[in-house]
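Next, two complexes with subunit A in common: one pairs it with subunit B, the other with subunit C.
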Partner chain A sequence: MTFDWSAVGDFLPAFFRGVLVTLQALALGSLIAFALGLVWALAQRSARKAVRWPVTVLTEFVRNTPLLVQLFFLYYVMPEWGVTLSALATGVIGLGLHYSTYTAEVYRAGIDGVPAGQWEAATALSLPRGRTWTAVILPQAIRRVVPALGNYVISMLKDSPMLFAIGVLEMLGEARQFSSQTFQTVEPYTVVGVAFLVIAYPASLLLRALERRLAR
Partner chain B sequence: MSDISWGLWQLLLKGVWITVQLTVYSAALGAVTAFVIGLARTHRRWLVRFLSGAYFEIFRGTSALILMFWMFFVLPVGFGWQLAPMWAAVLTLGLTYGAYGSEVVRGAVAAVAPAQREAGIALGFSPAQQLWKIVLPQAWPEMVPPCTNLLIELLKGTALVSILGVGDIAFGASLVRNATTQSAPVYTVILVMYFVLAFVLTRGMRAVERQAKAGIGRPPAKRASLFRRAGGGRPATAVPGAGAGATGRGEPR
Partner chain C sequence: MPADRTTPNDTTVPDAPDDTAATDPGGPAADGAELIRFDKVTKRFGAHTVLDALDMTVHSGKHVTLIGPSGSGKTTILRLMMTLLKPDEGTIMFNGDYLTHEEKGGRLVPAGERHSRAVRRNIGMVFQQFNLFPNMKVLRNITEAPVHVLGLAKDAAEERARELLDLVGLTDHLDKYPGQLSGGQQQRVAIARALAMRPKVLLLDEVTSALDPELVAGVLDVLRDIARSTDITLLCVTHEMNFARDISDCVMMFDAGRVIEFGPPEQIFTAPEHERTREFLSAVL
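What follows is the complex of A and B.
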């Protein structure tokens, strides 16, 4: 096996462009996932069946079908319905939507973990419903699920190469392009693989440390 | 939906068969990997623990799709090993999800009360006997629910192979889309197909769980909704946080 370091050098500019796109998709995707997940979690606690049921069905469906197919669906079907977005925007929506169904479960667990006494105290102080949520329940619930949310960000990072399938030039897309232009396959794919390790491993260590701190 | 002719339906159904095959073979390889690596991570020798830990971190840290590209394009060029696409895909998925599974195995084995092992020592069981007759039978029911989640993730992961030209459901869908020039019907159909597969898998695993729990005299876990799996997350990706409450154990390391 020959590993050509000069090819690595040639690949680097494109690689860093790819890293930037990946991180962009990751940041925006996480924002959508965090926000939408909270919406699902709250909707599933609604007193109305007409709200609970559709949300449960939707989240179960999205969670149990492949992200890749969902991306294709968004990318090919939305234009047929008259909504045309860039590949990156489609990818961000797809990632965010898919992972919002996971974060919804995380929030749900967090909310369930708030002791009943907190609810009772809020009632005793006759706090209005909105304020009970924003000032009492959610701050406690979210604090304890931060590490779990972080884990899904790492999962999302590892799923981000799928965006390449709808034409986003993130890390894998750049590697593919580079290898088809120069016929050097070993170096770009290896660089990208190592890059994932270099990003994901310290991030998971960080989260473990964070969890240990919050668990005290 | 009427635009999809019988010939095109056949393409999709053939894809379902390939997806099922991929899932079964990868799950088998993944299970073997999970047990070997998971048990190696509890081994007495630090070298074994270190190597298996490194395997876990490497395969968990990188993306399955990248690894698949690597298997497809780098192995043939760099090492001269050309695998059939189907087997390269099975190898990638099995090794990746096996790494996730190893965390499940390790956690479940570590959660067996130490007194159980000590009793085995006191009765003069060999280490292998302790493992087979005492530890694994008690750890197994704990492993089933998180393994169900992993199986669903694996099923979803098989869609990746379509990018590399293996004829699974998603690949069939791209062919059908080209033939009918309409995306909405075919992608809706295959999303439902994946959902049905996942549903069947969950139901099957629930039966396995019931049986495993009955085997050690515990009632099956109660579940709220039609489909909810305990924890609802990817347990092995997660350090056991709120999402992985199903496994209900801390970090014994």
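What follows is the complex of A and C.
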């Protein structure tokens, strides 16, 4: 087995296209996961059973079934019901939805971690409920869970190659396509593996530093 | 009418549950209308009855201190007033309106959130653990509620906040986060925050109990100042007996969920009638 540096050079243009798609899916997927997770977390604190119950069923269902199956379902079954989206859009929604069920738990823990005295002080000042959430509780809850949310972004990065299964040409997809055209396998897959490491490892170091800073 | 409050034979008279003669003596010395009325209020935690059919009234402008052994129900009274707890039985009136209930179709039903919110707007509370908002600077801790509850303009709220910070001696710290202040300073900010809402009554829940001993005096001085210079009603739970003696118009001795004795501080501290009061005072003084 030889490592052909010129093959690496040949792969680079396609690789960078793939990096861009991966980062795009990651960024949009994270946004969905952060936003939807918060919606689930707040819904599960609702006084109304009719709100809590369906959310619990949905999140448990999504969390306990494989992401790959969900992606296939979204991509191949939804069109039967008239919902057709591009592979990338489907992938972003799939990743975001899947991870939102985890971020919901993270938010829940963060909200539970805000001392009861904060709620009492808000009551004593007659702050409206919405204001209590947005100005008092959530800023404190989210601050505590930033590192945990960040860990899920890294997980999501590592799960992003699954989008290749529904035809998204992210990093792995580009590598696969390159190797099937050139019969070079070592170089493109090595580049992709190293790329994941190069993105994920500094990100996890950054998170650890952030965690130390926020812990104070 | 601050002069009235210093008269010893004053009127803030709670009706002790056992004492049928203790109807409100009101009379000529009464300087304020009835502000708070507890009517047969019972509160239980599980099998433990913390308040047992408590009756009490507090008149506007009075300074009432609740003393008694821990677990006797003093803090529960403040928490009921702040609607942090709901009574199991009985009603609480505040400022002529039901606090715990509301009238709907001629019937008295437990108060909804909207009703409680409207009534408790005139009630302020200072907590043992300060409970400042750690994510906001000192100034915003104080302006947050005036702006978002009373609808004050930001400038006006900040001006009020600066005046209050001056009152509690913390003008230099308005740009700090609570975590950068000592416990005593945090508690003084919490007092300013409560006062910024211009409440009719201020509930003080063991406000110096969490402080290092050397920081207690600063907080008590601020409260003495407020008691002297404003006409706010104070309902105070404390273990600082000298402070209670200084500021109170009426001291109520609690034991096992009941008021067993009440009266002006001179009477309670120098000539208590009840055996339990004597025991308690000899243990804490």
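The rule is short, and it goes like this: the second predicted complex is superposed on the first by the 216 of 216 C-alpha atoms of A that agree within 3 Å, B and C clash if a C-alpha of one lies under 4 Å from a C-alpha of the other, contacts with A are read in each partner's own complex, and residues count from 1 in each chain.
Throughout what follows, a contact is a pair of C-beta atoms (placed from the backbone, for glycine too) under 8 Å apart; a residue touches a chain by one contact, two chains touch by 3 or more.
What you see is a predicted model, and the numbers here were worked out from it, not measured in a lab.
Touching more residues of subunit A than its counterpart among subunit B and subunit C is B.
Judged by the touch definition given at the top, the superposed model places A:T84 against neither subunit B nor subunit C. Once chain A of one complex is fitted onto chain A of the other, the partner contacts of A:G113 are limited to subunit B, with no touch recorded for subunit C. When the two complexes are overlaid on their common chain A, residue A:T134 makes contact with neither subunit B nor subunit C. Contact with subunit B, but none with subunit C, is seen for A:Y102 once the two complexes are overlaid on the shared chain. Taken in their complex, subunit C has these residues touching subunit A: 82-84, 113, 117, 120-121, 123-125, 127, 129, 131-136, 144-145, 148-149, 179, 193-194, 197.
The touching residues of subunit B, when paired with subunit A in their complex, are 57-58, 60-67, 69-70, 73-74, 77-79, 152, 155-160, 162-163, 169-170, 173-174, 177, 182-184, 187-188, 190-191, 194-195, 198-199, 225-228, 231-234, 237-239, 241-245, 251. Contact residues on subunit A toward subunit C in their complex (touch as defined above): 115, 117-118, 120-121, 123-129, 131, 135-136, 139-140, 143, 216.
Of all residues in subunit A, those touching subunit B in their complex are 1-3, 56, 60-61, 63-70, 72-73, 76-77, 80-81, 102, 105-106, 108-110, 113, 144-145, 147-148, 151-152, 154-155, 157-162, 164-165, 172, 175-176, 179, 185-186, 189-190, 192-193, 196-197, 200-201, 204, 207-208, 211-212.
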